Structure formats: C-alpha cells, structure tokens
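Can you read through this structure? Questions will come right after.
Per-chain numbering from 1; labels A, B and C assigned in written order.
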C-alpha cells in the first residue's frame, strides 16, 4: 500500500514536471455493436476531454474469450493494455495469474467510498477479501416474452410464468402448429449456454463447486450434478421432447433472432440485450420481461441470480502513470452519470445505487419498464456464497463441458444424471490440473 | 457439324440453361448474402425470409463502415497480400528452378523436406512463431503479418511441375550458347513460366487475403487489423444485425472478386500449359 | 591397371567437385526458401515437440517435464481419440465430394460454347471467397428457424434440418461449406488438366467408334490422374488443417460432433493454456498427416498415368 502511495506521488510529480504530454491509457474491451461502437468511444472521449492528464484509447478485441487469450499471449512479453475488460468467469484466473493491481489498493489508498456500490456485485469480484477488479457492465438473465403472442393465446400478458412448471404450461399454450402438424410458433427456446445452467442452479440454491463455491477455500470438485442440476436438465429436456421448445443451438444471437422474428414466444437472455431487443421489437410486437423462472415460488425468497457481465482490471505491468490513469478512468465509468448512460444504451444495470437516481435513468425506466426488471431481480437476491458465483480458474472450459452435457441430454444420448455426472467429473479433472499447474 | 441449325440452337440453349442452373447453385451462398445485405432492419429479422431485396435498403453498408474501419482493414489486407505474393513469387521461382533444372546431390531429399512443410499443421508452429514476432517487436507490423509466409512449398511445387514440362532441350541449347544458370532462369525459364507464376500470384494473393488465425494473433491495434478479422468483429456479443454483417462481407469480397474476375482467365489459360501434370 | 585406377580416382574427384559446386549453386537458389522454412516451420516445430514433453502453467510457461507420458495420456483420452475420428470422418465427407464436384464443374467448363469463359469463372468463383466469409454466409443459411435452406425445404414440404445444431447433421453441414470452398481450386486445376488432354486423342477415339462416355472414362479420366492425384494430396491436407469454419460456425459442438483435431488443439491452448498437451496433440496430428500423404503416394501414385 505504501508502494502505491510512493508510486502515485512520483507519477503526479513526474506528470507535473513534464507538464504537457497526456498519458496514453490503452483500454481493451469486448463490447461490439452499438454499445462498443458508440457508447464506449463516447465514454472514453468524454473522460479524456474532462481532464488533461490522461487519454483513453479503447480498442475492441473481439469476444471475451478472444480478448482473454490475447491478454494471456501478451502477458508473456509484457505487451498488455493498462485496463482490460475481463468477463465474470475469468476472475479466478486473473487473480491466479498475478498480473493485476487489485483495485482494492487504489480504493484503500484514496479511501474511495464503495458503500454505494451494489453488494452483490462487489461480492462477486472480491477474492480473499480484496476487490480485485472494478465492476463495469453487470447483468443478469431475464425472461423475455412476446406480450402480443400471450394475448393471442389467451394468457395474461402482465402475469408471465414464474416457476418451471408455469413455463411449461405457458409454452404448451403458446406453441402453434399448422394443418400438417408442423410447428409455426414455439412456446419457448433456450440457447445452449452454460451461463443459463449456472443461473438456474443458483436460483435453485445449489452451488457449482465445493468449498463454498470456491470462495471459502480453493475449489476442488464440481458439484453441479446434484438433484437441482438433474431437475433443471430434466425440465429443459421435457420441453424439447414435448415439442414446445425450439433448439437453435449455442449461439445466443440465433435464439434472439428467432424471437425477434416471431418464431418463439419466450426466451431467456441477458438483460444486456434489452436495448437491442427493444429496438428490434418496435412496431412488430410488444416486448415483456420478467424474472428468471425458478423451480418453485419459495425459491424467490431463499435464493437469487448471480451477476453476470464483466469487470475492469488494471494491469500491473504498465508504468505507474498509466495505472493511475486507468484507475481514474475506471472511477469515471463507475460514477452515477456514466452508469446511467451505460444503462440506457445497453441494459446492463448501474452498479451503484446513485445511478438509479440519475434523472436520465429514472426517465428511461419510467418510459421503458423492462429496464427495471433486472434491477429488481438483483435486489431480490440475497448475498450468499451461491449468488456470489462459483470461483474456478477453468470456468470457460467448464461452461463448454456443461454445454456438451446439455446437448447430450437433448439428443437423448444420456440421462440428465449421467450427463451431469460425466460433466462434473470432467470439470473436476480440469480443476485438478489447473490447481496443480498454478499452486506449485 | 451435320445437325440442322435449329436443332443446334436448341442444344446450345439447353447447355446454357444447365450451366445457368449450376452457376446459380454454386453462387447461391453469395447471392443469399447479397440479398440479405440489402434488407432493412425489420426485414432481416422476420420470417419467412424476404427473398428478393426490392426495394433495396443500402443502409447496412454505411453502418458496416461506421461500426469498423473497413477501409483501413482493406488497405492493410492489400499491403499484406502484396508483400506475401511478391515474396512467394521470388522464393518459389528460385527454388523451383533449382529442383527442375539443376542436378545436385540430395535433390530428392531436399524436395521431400519442402514437401514436409506442407504437412506441418499450422497450429503446431503458431505459438513459437507468435512469440518470435513479439520478441522481434514485429506485432502490429506488416513484417509480422507477412514474414512467416514468404516461402512456399506449394508454390515451389507448382512452378517446378510447370518447369519440368518445358523441354529439356531448352536448357541444353542455352548451355551450348554459354548461358549460365542465372541468365537462363531470368531470360528463358521465368518468362516461359509466366502462366505458372500468374497462377501462383493470384493464388497467393487470395490465400493471404483470406487468412484468419494469424492476423488475429499478430494484430491488436485496430488500425492494423486485416479484413477477415474485421468482418468477424462485426458480429458482436450483445446485438446481431445480420444485414450489417452481410454488407461487410460484400465489401470484403469485392477486391477478391475483382481480382478473380480479372485474373481467372490468366489462371486457367496459364494452367493449360500443363502446370500440374506431374 | 594403375593408370586406370588413377583415372577413375581423378574422374571421381572431378565428379565430387562438380557435385559440390552444383550443390553450392543450387543452395543459392534454395536458401531463401530454406531459411524461411527453417525459421518459421522447422524450428517452431521442434519447439512444439519439445513443449509436448512438458506440462505448462496457465500462462504457457513450462512447469514440469513429463516426457512420453503426455502422449500416453492424450491417446488414452477418449475425447482426443474422438476428435481423431471426427477429423477422419470430415476428410471422408469433404475430399471425395470436392474432387467429384470439381470434376463435374470442370467438365461442364469444357463445353464448346461462346460464353463458356464466363461460366468457367462463375463455376470456380468460391476460390475468391475466404473461409471466414463463407462460414458467415453458410451460418446465416443454416439458421434452424430463420435460414433460407430450411425455408426452401419447407416450401418443398420437407422437414427442417437442424444443420449445425444437431450432432448428426453438424459435421456434414460444415463439410458442405468446406466442399463449397475447396471446389473453386479443384475446378480450376481440373479445367487446366482437362484442357491438356490432346484433341487428337478425342479424334482418334471418335474414329474408333467410341462414344463420348467411353471416351471420357477410357481416355480423359486416365489422363487426368496426375491432376487428380495432386488435388487428392492437397484436399486431404486441407481437410486435416481446416480451422476457420469450425471456429466461426460451431466451436467444436454440438457435443463435440465437430471437434476436429485442429479445433481440439486450439481449445487446449486457448481455454486452458495447456500448451504442453496441445503441443503433443499437434505432433500427433502432424504424424497422421504425414502417414496419410505417404500412403497416398504409395498407393495412388502407381495408378497415375503420366503422359
């Protein structure tokens, strides 16, 4: 901590002495589309314009996976940015790589007030009592549904399904077939995405790995093959078998596009897609959003969703001045006005409560109620080991393994229990390999 | 021809019809992409899919350029492809000449060595190559993008096959005239090998233009990215407008399409001289 | 006797000197390529082989020597063995299809019509399209609900095909994309080969009373064998090295149905930084490709008829 103070003092003196030249702060991100093309550059240039010391240069690195890979490759020769956006599941790996300066150091040194930040969000990125990265774009999964189709099917558009059974029931009513028996409209569709399983497990109150989800001690085994996991996959499969659920594969965009085209009545997706979904549905149908369905109503009280999205990491292999700039930028992004703007541009919700009080945000939510859904869902979730999310270094791989298990189950190749047992075994092996290579 | 003219016209017409159908099938993916690039935002995400883009919506094209610096990407790809093509022509023609005309011990072994490089899977060499680029500080440079590809066993193979079809007497005749190997290469072998060189040039350019994994690793700076990476970046994490992606694809296809239209006759005519007969 | 030996010895020395000189001269022409191959192909290959004997930490730095045990491990891993099977199956799906399609298109391209150059160009146009571009185009066509292919199937009263989403159809779907991509090159090369068949042979076949079909199979095809052989080698190698389509379209899924070796290797070092294991897998892939090429030379080159 004292080192940070010294380093910071030198940086300030140095920049004061040298005067003019603003410090270049490279920022790697994975936000594409309008979010990455408009919002990110605007945030970066607004920050650069608001002060004279630092200039932030954002550069789009492709998906989170691609970006992390580039980072790992760049680490070997110190060619890294000052601040990088890494997805939620990369947390354990980033900590173990020992390449970041924890934001906790900056927080402590300047006594930055974190009391206004959402506790669930902070809990996710806190490892060994330190906040390692600054939350930036945070999301959770919600149910998107087509209100127009609900009305047509005789369902109340203001009362979307809340439990697994209710979803099945609604999907039955919403699936339409033509005279030849071919389905013209599916009731529901889930992309084959490991994140959804992680979330369903969380709202069922089940952990992903042992040792307090990897937060009490380093995780040793995957435990998602318990009764809750089996129930989730069994429910998923039953809907596909019954012909009321469509399968568009792994890419969430494919499922999203099918929903926008009016081929399916309900989907699960991140709230981050909300802005885009809203724009796409305008003039075509009325969009509704609701909470992630749970096994039963009581689960709404006892468990909750995990936060998703990504956070910003400051890398320690950059000069102190750049790290300082990165911290200033990260603080800027976390401030209420920027969080409100970010919220309206995407659907990622503000990480601090003051963000909701921004006039821009209030107006926006009043005008477009769906933007409120994820926030309510966030606040409904108790802070626990489960809602803080699993912490393992092999999460990207684990997600793929779980996706493989889902595919197996849907193809009828294995029962939910067998597929999950296999998957848990594979993930456990991966964890063991990882631990062996890291804790030497 | 003993058939009456009318019958001949029908037969010709039938052939053209068949060709037209087959060409349509072959071009179908491209036509589909073109159509989709001209649909509006509402049309692109509706079902049933709109088959004919009338009226065409050109809005996706400016948007593709706005979402990513496509012009810059195009320029980068052009420079990289030109560098690699020039390098390959140089190294391959020299090596092919040696294999085709010169006799030296170990010629077969060396040829097998060249052939072996064709079989080394790219993934086996990519990490060390990448680390080398970093060590040389050649990332985000054209040197880094081009260097690993300047030599080509395939090109050597192609030109060698062609040169071997040139009559051996040529070399002997030149030798009698006191022509050294280098002069023979420059004034006789290369000019006569123009078809094969043309083929290699077009092929190299296209191959390099279409590279994906290497530029992905070697360039981080958005201003240095090449075009294939550029269009896949148009797909994004949070929103997916297919018409924009398709517009980007059309833009990216344009240069290679033009090159192909201009170069394909040369390609085919050149190969007529028996480049790959063996 | 002695003078003969000295003459022989002298001749032998001259031969060796000339040999050395010719070797030196050849090297002048070969060295640019050799240097490039050494630096960018062989040395990295050796580095990879070396790496294959070690385990690595998440950053890819070497952590422990395990030697051949790594190979034993990967060959015992059912998922890797599965990916070998997928790769072979993929080659079976793509190579014959590409050769046949190329042959058909090239044959069409030899029709004596005035506009044939235009059609030759159109029929070989996939050559101008990159794997990334083609993957995106086919991805759009393959969408289970919104794609044009299932829409057309619907019009023909057929059931929609799940294409990339289903284990059974995914690999053929990616193979179809690959066939489309590779056909461009095959068509052009075969066109050149076909044009090479001397007219006089066709004439004499006709004089002998052979119909066009018999002439095709009896004369043209055999003369095409060198070209076909060349394409066989190239197409098989391309099938083993295909990556972009898998990365853009399926990422190895669904459920590993398209997890060919190259993609599996990529995932090894990409997702978990297990460079040592990935390196070992690469070496196995290399050996398989080498074996196939040698087998092709051994079994098929005999059938090739050089004119």
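Quick note on the criterion: contacts are C-beta pairs under 8 Å (C-beta built on N, C-alpha and C of every residue); 3 or more make two chains touch, one makes a residue touch a chain.
Fair warning: this is a prediction, and the values are worked out from it, not measured in the lab.
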Shared touching chains for chain A and chain C?
-> B
Would you mind checking which pair of chains has the most C-beta pairs in contact?
-> B-C
Of all other chains, the one whose Cα centre sits farthest from chain C | A
Averaging only over C-alpha atoms, locate the centres of chain A and chain B and give their separation in whole Å.
-> 40
Averaged-CA centre spacing for the pair chain C and chain B, given as whole angstrom | 15
Could you check chain C for residues that touch two or more other chains and list them?
-> 60, 145-146
Residue numbers in chain A touching 2 or more other chains?
-> 73, 76, 257, 261, 263
Chain B touches at least 2 other chains through residues 45, 47, 232, 235, 242
So, in the complex, the side of chain A touching chain C is made of residues 65, 69, 72-73, 75-76, 93, 96-97, 180, 182, 192, 246-250, 254, 257-258, 261, 263-264, 393-394, 396-397, 400, 403-404, 407-408, 411, 413, 430, 433-434, 436-438, 440
Chain A to chain B touching residues, read off their complex = 28, 30-37, 59-64, 66, 70, 73-74, 76-77, 79, 253, 256-257, 260-263, 270, 272-273, 275-276, 280, 283-284, 346
Going by the contact rule at the top, pick out the chain B residues touching chain C in the complex.
-> 12, 15-16, 18-19, 22-23, 26-27, 29-30, 32-33, 36, 45, 47-49, 51, 90-92, 94-95, 97-98, 102-107, 110, 113-129, 132, 147-154, 156, 161, 181, 185, 203, 206, 209-210, 212-213, 228, 231-232, 235, 242, 245-246, 249, 252-253, 256-257, 259-261, 264-265, 267-268, 270-272, 274-278
Residues of chain C defined as touching chain B within the complex | 19, 22-23, 25-26, 29-30, 32-37, 39-45, 47-48, 51, 60, 105, 108, 111, 113, 115, 117, 119-134, 136-138, 140-141, 145-148, 151, 180, 183, 185, 188-189, 191-193, 195-196, 226-227, 229-230, 234, 237, 240-241, 243-244, 247-248, 262, 265-266, 269, 275, 278-279, 282-283, 285-286, 289-290, 293, 304, 306-307
In the complex, go through chain C and note every residue touching chain A.
-> 55-61, 63, 143-146, 154, 157, 159, 162, 164-167, 251-256, 267, 270-274
